[in-house]
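The same chain A turns up in both complexes below, where it pairs with chain B and then with chain C.
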Partner chain A sequence: MQMNTRSTYIKLIRKNFFSNKLDSLISTVLIIFIVWSLLKITSWMIFVANWSVVSNNLSLFTFGSYPRLEYWRPTLWLIILIFLTLITLFWSKKGILRKYIPIAWIGMIPIGLILIGGGLGLTPIHSRQWGGLTLTLILTILASVISFPLGIVLALGRQSKIDVIHKACRIYIEVMRAVPLIAVLFFGQLLIPLFLPVGLEISRVLRAILSFSLFVAAYIAEDLRGGLQAIPKTQKEAASVLGFSPIQTMQLIVLPQAIRTAIPSLTNQVIGLLQNTSLMAILGLIELLGISRSLLANPNYIGLYMEVYVWLAFLYWAVCTIMALLSRHLEKQLTYGRG
Partner chain B sequence: MKRSKDFIIQIATYIILIGLFSIFANNLTVNLTRNNMLINFDWLKSPAGFAMAESALPFKPSDSYLWAIIIGWLNSLKVIFSGLILATLLGLVTGVSRTSKNILLRTLSSTYIGLIRQVPLLLQLFFWYFVGFLSLSNSSISLLGSLVSISNHGIQILGINLSAEFSALLIGLTVFTGASIAEVIRGGINSVPMGQWEAFRSLGISEIMGISKVIVPQALPAILPGLTSQYLNLAKNSTLAIAVGYSDIYAISDTSITQTGRAIEGFFILMVSFLLLNLLITEIMELINKLILNSN
Partner chain C sequence: MIKLFSRAVIGLSLLCSACAGPTPNNLSRLDLIQKRGELNCGVSGKIPGFSFLQSDGSYEGLDIDICKAMAAAFIGNSSNVQYRPLTAAERFTALKTGEIDILSRNTTHNLSRDSIGGNGLTFAPVVFHDGQGLMVKKSSGINSLEELRGSNICVGSGTTTEQNLNDAFQERNIAYKPIKYQDLNQVVAGYLQGRCKAMTSDRSQLAAARSGFREPKSHVILEEVLSKEPLAPASAGGDQKLSDAMRWVIYALFAAEEQGINKDNINSKLLLANSDPTMTSMRRFLGIDGELGKKLGLKNEFVVNIIRSTGNYGEIYERHLGKNSSVPIPRGLNNIYKSGGLFIAPPLK
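Then we have the complex of A and B:
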């Protein structure tokens, strides 16, 4: 018996790694490479790396220069976010919870803004003091929420039979998709104030959120266009036969299906947005990457690039993976509802 | 009835668009007059006053902003086109490895793709620049019997010198875009029916020959559109050059705007530059597409 399993193992290994001469050569080289790099990485992580730069500054990475006395506010928000993620991923099958989860997610936005920005009896904290992972998440969440309806409007406008609407939306989408994001963000900081009435000033963070939203909306519109095109014409005809008005058809029949089809690419946009918030580090916000840059400029931590970058890569990787899991979950839920 | 309704909507849209436009234009003129900065492009002729670490054509601080922008353009094209070629090669190798029968090869390439795509490009660029190059010492590491040598001044290949900034940007863009191209290529390869694989294998054609002569030509029509959009992404992402101090078109525009305060004009120049660049890449890909369709 034991002989048997052993020989099947050997057979499996032979089949997968050493089926011919070239394969054997590739496998041998790869095994040496993998073992060597794993050894190098682990020994660096354990013996060489100086992790004090991370462990001493966990609060900076999370909150940036947020006032120390008020740390509990973003902490509370982050804890609720983590709980909500866990509930969504593991317990959402339970009847009552399932109904309230979408409401809870939407509620996280005003709760977050009040907790972090102040109001309702909490001391106001100006957005220039927001920072770290908290700011990264705020930028991502707010920009996605604003860009989504904007993207829907643009996608529908692009499909419009009215020439001027169609053209205006098309030009907007194509120009935005042609320009690099860093340019949009930089000019957003410079130009948004120029287009506003004299005296109306908006903060750096808000300007960044607006620029991100204007940029991402063009991409969302393009994703939705794919979803809109996937819906057969017969559905519209059927709806009009049943007496639906064009607006009702759009709202109740076409859009929900288009959004459902576009969900994988929409969540990719959100994950891309999270990664791209790092660009604000070049433009002077102290989000996750920005705070790390100022930390690396501190004489106490000079030269510890590797440690900080590995830690940041891990953080971004973890948040992106969680978002991808949530999106797959959402996809499953929606197809499940379809029966 | 329907026509007249459409007509009214059209007119209304025009009025709203013109209204919004004039509000913005009015705010803009008020703000610009206040700062004494009405739009004009004369500043392009005045001396730039900054130096550039690397330029394809001679550049000195007394040269004009216009010349600086042209040099920036050339620097951008240099990194974009070398990035395109290297990323395509890397993507091709990784994409094919992803469909390989060898588990090790498959796992290694999917680990690379998964890792690279979940980490921001900017962070990767910082990594290549600060850890990859600047942490090296002055004395260079030689590879392949001193054909290639690497130091904190960059890479030297057969006497050609690549600056640390250029090299870090090029490696970063290649590694990042290569992962996305690999996914495009894998998708294309998977779109070829299994029967084709079985057919060439049963004919005794070797794996490499079969992939290059049977599978890839059939996968190309599915690959090309995805490839074009990855190329466009690479071109746009090349503007992160500013993070490592490479003087590309965006970095030059950024400096010029900061010095002159000409944000609107600068934005216009950059927008036109990128529309042209996009057009260039799409046209070239269109041409390649046609050539391939004809040869098939």
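Then we have the complex of A and C:
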């Protein structure tokens, strides 16, 4: 029996990788290359790399320059986030939990802001002291939350029959899509303060969040437009026959389906957004990438670029993967009714 | 429609030009800092020995200590500083928009940055005399600019470094290929990965970078110095009160070293001067007699506050760039005039 399976494996391998001379040659070269690079990478990771730069600075990567005594606040928030993610992914089938999970996720945002920024009896911590992974997550989450409704409004506005609204939305979307993100960010960070009256200061973090939101909203609007157009006209007609008002039709029939269709591309936007927050490092915010660049100037860690950047790649990968898993889960949940 | 729109834009821009500007009429930035109780200091955050992040999230370095000395003098507390990490490209905008009060970020003092027709900044006295150099691998056998003909040279873009490199090579009619990076750490990485034969930056930064290499001894800094790089803190121009205060804070650091007043003996010196009315110059310096501080818009004992928090210039230097620091750079020109350096403080009278 065992012999049998082994020989089928060999057969399979032979068929797929070594069926003729050219095939064998390509396969051999590729296999040698893959094995060689894997060996090189693992031996570097184990023997050459000096991971002390990562292990000694875990709190720096997570919290940045956040006051030491208040570390428990972002820590608590991150733990709740992780916990919520686990519940959502593994235990959400249970009836009671299912009802409250969306509420819990929405609640996470004000809770996080209060925990990190202060208020309700907690000492206020100015946003310029936020940093590291915490700041990256705050930027991503807040910018997505603000841009999503904005995107819906723009997408609907673009379909509007009123000319002014339709044109205004279209111009906004076209302009935002034609400008590179970095230009929008530069505008937000360097030009906006020039226009503001003296004494009125909008914090850099808030300016960054707003710039990201305004930019991403245009893309979200386009993603949603795709969703909206995927819904057959007959549904609207059927709805109006059944006596639904246009607003009800939009709210109960068209939008839910459109959003569901658009979820994969919306996830794309959020993941892109998370990675784009690293652009703020060149604009002086000490988010995940910024903090790493500052750390690399510490005389104790000069020259350990590879270690730091490999670690960063891993962190970004981990966060993005979690987000992708969550979105796939959401997609499944929403298709539940459709069977 | 279009007419209306363009009118609105013009109106809005007029409104904005009226409201913009670094300081409201007559109120000096110094008053603003004192009212706020906090100094916003623009730093690099990425230069070993000058400003970098500690594992606990605090900043340290020579540039940082200058911020601390300013805060000690202006506000009376050296820990009331908010550091804003800035890139080379955005540092002047940040000053102009008032996002930061002072800039302490390895900035070379030169004419175009100082003048009204240029960046229009006001510089405090130089706190570090630097010069641009080139570093090559010892094994390459290169020891003059001529031997770098046609080679790749790693350089940070948007800095005077890039300009100096260009000037020096063009003057000598040597062709080369600049490989440009965003900041020094990337320049170092590029050089170590072998993307270029030489890297160029200020000699202090080359030394700092080299001290972190796995084999520091196999790299040499060429003898030739391409430029003068007097690094100085700066403020937005047109604010005499603030720039005067900054200038005399730096001078006080030099004067304290000259008179042998440091962090350890400041209290005993103060006691001594308090009890001995004949030590007139010391009494004036430490704010017991006279109104030196008040004239600048500071407290009379501002010098005591500075020395208590950061020590004199020599102590700051030793802490971050001295023999026992992790980025040792010989003091050379960066010494008070009595010891053969360039630093001299006009009399604090």
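Everything that follows uses one rule, which is that the second predicted complex is superposed on the first by the 327 of 339 C-alpha atoms of A that agree within 3 Å, B and C clash if a C-alpha of one lies under 4 Å from a C-alpha of the other, contacts with A are read in each partner's own complex, and residues count from 1 in each chain.
As a convention for this text, a contact is a pair of C-beta atoms (placed from the backbone, for glycine too) under 8 Å apart; a residue touches a chain by one contact, two chains touch by 3 or more.
Keep in mind it's a predicted model, so treat the numbers as computed, not measured.
Visitor: Based on the superposition on chain A, does the combination of chain B and chain C result in a clash or a fit?
Guide: Aligned through their shared chain, the two binders clash on chain A.
Visitor: Return first, second, both or neither, reflecting whether A:284 touches chain B, chain C, both chains, or no partner chain.
Guide: second
Visitor: Applying the touch criterion given at the start, work out whether A:182 contacts chain B, chain C, both or neither, answering first, second, both or neither.
Guide: The first partner, chain B, only.
Visitor: Go through the superposed model and pick first if A:65 touches only chain B, second if only chain C, both, or neither.
Guide: second
Visitor: Figure out whether A:30 sits in contact with chain B (first) or chain C (second), or with both, or with neither.
Guide: After superposition on chain A, A:30 lies in contact with chain B alone.
Visitor: Let me test your reading of the model: by the given contact rule, A:229 touches which partner, first (chain B), second (chain C), both or neither?
Guide: The answer is neither, since A:229 touches no partner chain.
Visitor: Identify the partner contact of A:316: answer first if only chain B is touched, second if only chain C is, both if each is, neither if none is.
Guide: A:316 contacts chain B only, not chain C.
Visitor: By the touch definition at the top of the document, which applies to A:193: first (chain B), second (chain C), both, or neither?
Guide: Both chain B and chain C are touched by A:193.
Visitor: Contact-wise, after the overlay, does A:123 reach chain B, chain C, both or neither (first, second, both, neither)?
Guide: neither
Visitor: So, A:294: does it touch chain B (first), chain C (second), both, or neither?
Guide: So A:294 only meets chain C here.
Visitor: Enumerate the residues of chain A that count as touching chain B in its complex and touching chain C in the other.
Guide: Common to the two interfaces on chain A: residues 190, 193-198, 282, 303, 305.
Visitor: For the complex, give me every residue of chain C touching chain A.
Guide: 16, 19-24, 44-49, 51-58, 82, 84-87, 90, 93-94, 96-99, 182-185, 188-189, 192, 208-209, 211-214, 325-327
Visitor: Using the touch definition from the top, list the residues of chain A that touch chain C in their complex.
Guide: 56-57, 59-60, 63-66, 68, 126, 128, 131, 189-190, 193-199, 201, 204, 282-284, 286, 290-291, 293-303, 305
Visitor: Please give the residue numbers of chain B that touch chain A in the complex, ascending.
Guide: Within the complex, chain B contacts chain A at residues 6, 9-10, 13-14, 17, 24, 27-28, 30-32, 34, 101-105, 108, 115, 118-123, 126-127, 130-131, 135, 207, 232, 236-237, 239-240, 242-243, 250, 253-254, 257, 263-264, 266-267, 270-271, 274-275, 278.
Visitor: Given the complex with chain B, which residues does chain A contribute to the contact?
Guide: Going through chain A, the ones touching chain B are 16-17, 19, 22-23, 26-27, 30-31, 34, 161-165, 168, 175, 178-183, 186-187, 190-191, 193-198, 271, 275-276, 278-279, 281-282, 289, 303, 305-306, 309, 312-313, 316-317, 320-321.
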